[in-house]
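Shared chain: chain A. Partners: chain B in the first complex, chain C in the second.
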Partner chain A sequence: MLRILKDYLFVVFVIASAAAAIIPLFHILFSVFYNGIPVLAKYGMEFLTDTLPPPNKAGGGIFPAIYGSLTMILLSSLLGIPLAVFAGVFIAEYPNNPLSRAARVVLMIMLEFPTILVGLFVMAIVVIPMGTFSAIAGAMALTIVMLPYVATYTEQAIRSVPRHYKEAGYALGLKKFRVVFSITLKMAKKGFMTGLLIGVAKVSGETAPLIFTAGNVWRSTGALNEPAGAIPLWIYYLVQQPYANYHEIAWGAAVVLLTIFLAIFLPGRLMVRS
Partner chain B sequence: MSAIKIENLRLRYGELEVLKRIDLEIPENVCYAIMGPSGCGKSTLLKVLNRLVEMNHNVKISGDVKLFGNSIFRMDLTRLRREVGMVFQIPNPFPHMSIYDNVAYAVKCNGIAKKKNEVDEIVEWALKKAAVFDDVKERLKTKASQLSGGQMQRLCIARALALKPRVLLMDEPTANLDPISAGKIEELIMELKKEYTVVIVTHSPGQAARVSDFVAFLYMGNVIEFGKTEEVFENPKNELTEKYVTGRIG
Partner chain C sequence: MDKFKIFLIPFISVVFGILVLMLAVFAINSIPIFQREGLAIYTENVWIASETPEEERYGILAAIYGTLYTSLIAVLIVLPISIGFSIFVVDFVPERLKEAFIIPTDIMAGMPTILFGIWGIFLLAPFLSGIADFLYNTCSFIPLFSYYNPTGFSYLTAGVLLAIMVLPFASSLIREAYRAIPVVYREAAYSLGLTRFEVAKILLGYIKPAILAATLLAFGRAVGETVAVSLVIGNAFNINPSLFAPGYTISSLIANQFGNAFVYEYMPSALFSAGLALFAIGLVVNIVGLLVLRRWTYA
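Moving on to the complex of A and B:
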């Protein structure tokens, strides 16, 4: 009887713990959509295409932030993905090379590295020499944040391919780059693509590395060498303002940010499941 | 001239000596079996012949292997691997490629044929040579992973033959197959040895006796005995060989 009770209590405890872990996530999702969707409905399409209105004035939108975010995500992907893929390939293919071992350790540390420090680093090497915050500096900071995710997933994807397939490739006289890119990476497409999407999704929501790099602006010229807005930065600054319409806009921006994040992240997760 | 001449070959992984002073001569257009119990070094010896063993970390090789008179260690790796094809223990066609591409890919990469009709011809020829064409001719564009184990292994043989090698290495090619598929592969080996030098590694003395003309018995990195298959099986000179072929060790 006692054993059955213990077993029952264990199951209840596990379910309760799981619920406790999941509830905050659903609460975040719920409150973002609950508070944000009415804002989008009220502001209409202009919310995506217009600029920030003056305080306590109706209308307006977050276009400069969307433009800045998408530009920096795109730039950082163009910079980061090739670099990270080659790094992952190097670590997986030359596991005994001292540089490869060091790179693996550095990437593991970078995965957990405080991203604000990445921002400070890029500020020192890009922002200060350039004399201005810029989309380029923001994209570079995001690249550094993205690198370890994509590289680590690429490495794991390559390692997951059984060795005899690589041997078969080499036994056919294929060169290393063909074995890696035409056989191993294609066979490990799922793991590799997941890493890629998780890396991009991760940087799409980053705020800290942009504070000292992109700078943030409410109106931008769109030039890459000038300060840029970003959705998370706008949310961060808007909620600190004492104006009701800015708080509204922050909720709407949160929905847009979450949608971009989920649009990148969910296909990645679905791919892993399939 | 012999197809392969192994001279004073030694191989170590770090401190572990896996092959100890191997000397063998493999004549042209025969099936030469390397047999021995698990862990005796027979797969390692086979992978020396196309230098695949060098993929391993910390491997040290001394001695020489000559392929039709030329040292394989001074040969361009791509050329060596075109001349020496290999079939593995696990049937391993590339699962993300179609049946056609499995055969055509290395043909195109190695520049053997560039035009589509030339590649098509080679693919068909290789699939026929490996006795798998009739099984797959209607579905060349489907993924190779859809095939049965035996068909996959014959596809792997076709993939190797498409590069027009002179030597075919087979590392326990039937170890993962059902008896009927294994029988078909053995029949195929009997056909292939008329035109190619086939070196087969097997842990089964029965298979060595069925398919090979010559055999070498490897035990703990040493060649214990070698010679014509009939002689080695019917009149083994070494006690270990006798124990192995009669199933008392293995």
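Moving on to the complex of A and C:
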């Protein structure tokens, strides 16, 4: 009897914890849309093309933030993807090299690393010498955040390709470079693309590494060597302001951010069949 | 050595270079404050910023305390829930529906943290403030609930928000480990006529190391989280046992104070040394977590 009672309690516990795990997650997604979509409807297309209005004035938009986010995501992808892919190729191709063994540990540590420290680091080595916050500094911080994701996924993707395909390539007399980039990476395209997309998606939503690198501005000239805004940064600062219309804009920006994130992340995630 | 390898070496070196350089930057920039205060920077709770360098005095004990306190709250919430949730997904959900539970948690694991922040500041904090008021009025004799006039910006709010943020990560580690237990063990246990509870208890015994690793790695993530926490922790130099008291964490201290730090002589250095402490805590927790996980995967 006691055993059955315990089993019953156990089932209750399992279902309750599933609910406790799922409900907050859905509540967050739901409340971003619930609070944000009316804002987008109210502000119209200008929300994407206009600049921040004065406090308690109607209208306005988040264009400088969108522009800043897109330029920094693009720039960090240009810097980070080649770097990470080549590093990943090295680890996969020379798995027993001491450099590779150590790099694997370093990448795992970087994956778990507090991103605010990345921001502080880039500030010390880029922002202070340059004398100003800039989109370039922001992009460099994002590059460091992206690197471990793309590198580890690339490594795993390459290692999943059976050896004899590579051997067939060598038998044709191909150079190692050609074998890796024309055969192995092509065959491992799916895992490789997943890594890219997850890395870029992750970076698109980062706030902490940008606070002391991009600096944040409400209006920008668009120059890369000047301070830049970003959607997450804007949300971070807007919610700390006392004005109701800034809170509204923050919710609207949250929907835009979530949409960008999902548009990059979901294709990557759905490619993985677990 | 082949050409290809020589071509790749610079790239792999950059990966190392970044970590080494990072450690160096934090260490070097911390030197001025160590020379001035010694280890007192980590053992005192003071924050006196002054235009005259002689009067400046910094101690980040409150932030270290807040970091450990909020991360502990998060882990204590996450551990039972993610074990229960893993059992639910593996044992209770039919195979075809599993993905429907796994994909949302994966999305949440990678979701921009600022979205947790905006939800935390506008929805979670007011909600928990109501609960805090009630608990203060009814059981303020318990130190945990003893903070007068709770605002909702507190260790508890930060801890709960962190729990929600690290849960997808912790539960995916535990779930994958639980799922990987060979079916024969499960069948053997059921064939003895054991109840679901007894079977789960036995099976969980097999994956103890994975649970330990998940706990450590979740703690490591909670320690490093910045923006969401800094919006709900209340940002006060406070060392208080009460769940409802406002506080600071190391990362929220850095996020909040660095903007104007360069006006003062020693504040940048004090904040770099705070970063160094965060670096150290994160590194130790994560390395131990990864070692536990690795030893278990290869065993």
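As a convention for this text, the second predicted complex is superposed on the first by the 253 of 274 C-alpha atoms of A that agree within 3 Å, B and C clash if a C-alpha of one lies under 4 Å from a C-alpha of the other, contacts with A are read in each partner's own complex, and residues count from 1 in each chain.
Everything that follows uses one rule, which is that a residue touches a chain if its C-beta (ideal position, glycine included) is under 8 Å from a C-beta of that chain, and two chains touch if they have at least 3 such contacts.
All values derive from a computational prediction rather than experimental measurement.
K.L.:
Kindly classify A:His164 by the partners it touches after superposition: chain B alone (first), chain C alone (second), both, or neither?
P.N.:
It touches chain B, and chain C stays clear.
K.L.:
For A:Ala16 in the superposed arrangement: first (chain B), second (chain C), both or neither?
P.N.:
In the superposed model, A:Ala16 contacts chain C only, not chain B.
K.L.:
Quick one: classify A:Ala87 as touching chain B (first), chain C (second), both or neither.
P.N.:
second
K.L.:
In the superposed model, does chain B or chain C contact more residues of chain A?
P.N.:
After superposition, C is the partner touching more of chain A.
K.L.:
Could you look at A:Met187 and tell me whether it touches chain B, chain C, both or neither (first, second, both, neither)?
P.N.:
The answer is first: A:Met187 touches chain B but not chain C.
K.L.:
Is A:Thr115 in contact with chain B, with chain C, with both, or with neither (first, second, both, neither)?
P.N.:
Second partner only, chain C.
K.L.:
According to the stated criteria, A:Ile211 is in contact with first (chain B), second (chain C), both, or neither; which is it?
P.N.:
Only chain C; A:Ile211 stays clear of chain B.
K.L.:
State whether A:Asn96 touches chain B only (first), chain C only (second), both chains, or neither.
P.N.:
The first partner, chain B, only.
K.L.:
Do chain B and chain C land on any of the same chain A residues, and which?
P.N.:
Correct list for chain A: 175.
K.L.:
If you look only at chain C, which of its residues touch chain A in the complex?
P.N.:
Those residues of chain C that touch chain A are 2-5, 7-9, 11-16, 18-19, 21-22, 25-26, 29, 80-85, 87-89, 91-92, 99, 101-108, 110-119, 121-123, 164, 167-168, 171, 195-198, 200, 217, 220-221, 223-227, 231, 251, 254-255, 258-259, 271-272, 275, 278-279, 282-283, 286-287, 290.
K.L.:
If you look only at chain A, which of its residues touch chain C in the complex?
P.N.:
Per the stated touch rule, the residues are 3-4, 6-7, 9-11, 13-18, 20-22, 24-28, 31-32, 35, 82-83, 86-87, 89-91, 93-94, 99-100, 102-103, 105-110, 112-118, 120-121, 123-125, 144, 147, 151, 175-177, 180, 198, 201-202, 204-208, 211-212, 232, 235-236, 239-240, 247, 250-251, 254, 257-258, 261-262, 265-266, 269-270, 274.
K.L.:
Sort out for me which residues of chain A touch chain B in the complex.
P.N.:
Against chain B, chain A makes touches at 95-96, 162, 164-175, 178, 182-183, 186-187, 189.
K.L.:
In the complex, go through chain B and note every residue touching chain A.
P.N.:
Residue list for chain B touching chain A: 50, 52, 55, 57, 77-82, 85-86, 88-90, 92, 94-96, 105-106, 109-110, 156, 159-160, 163.
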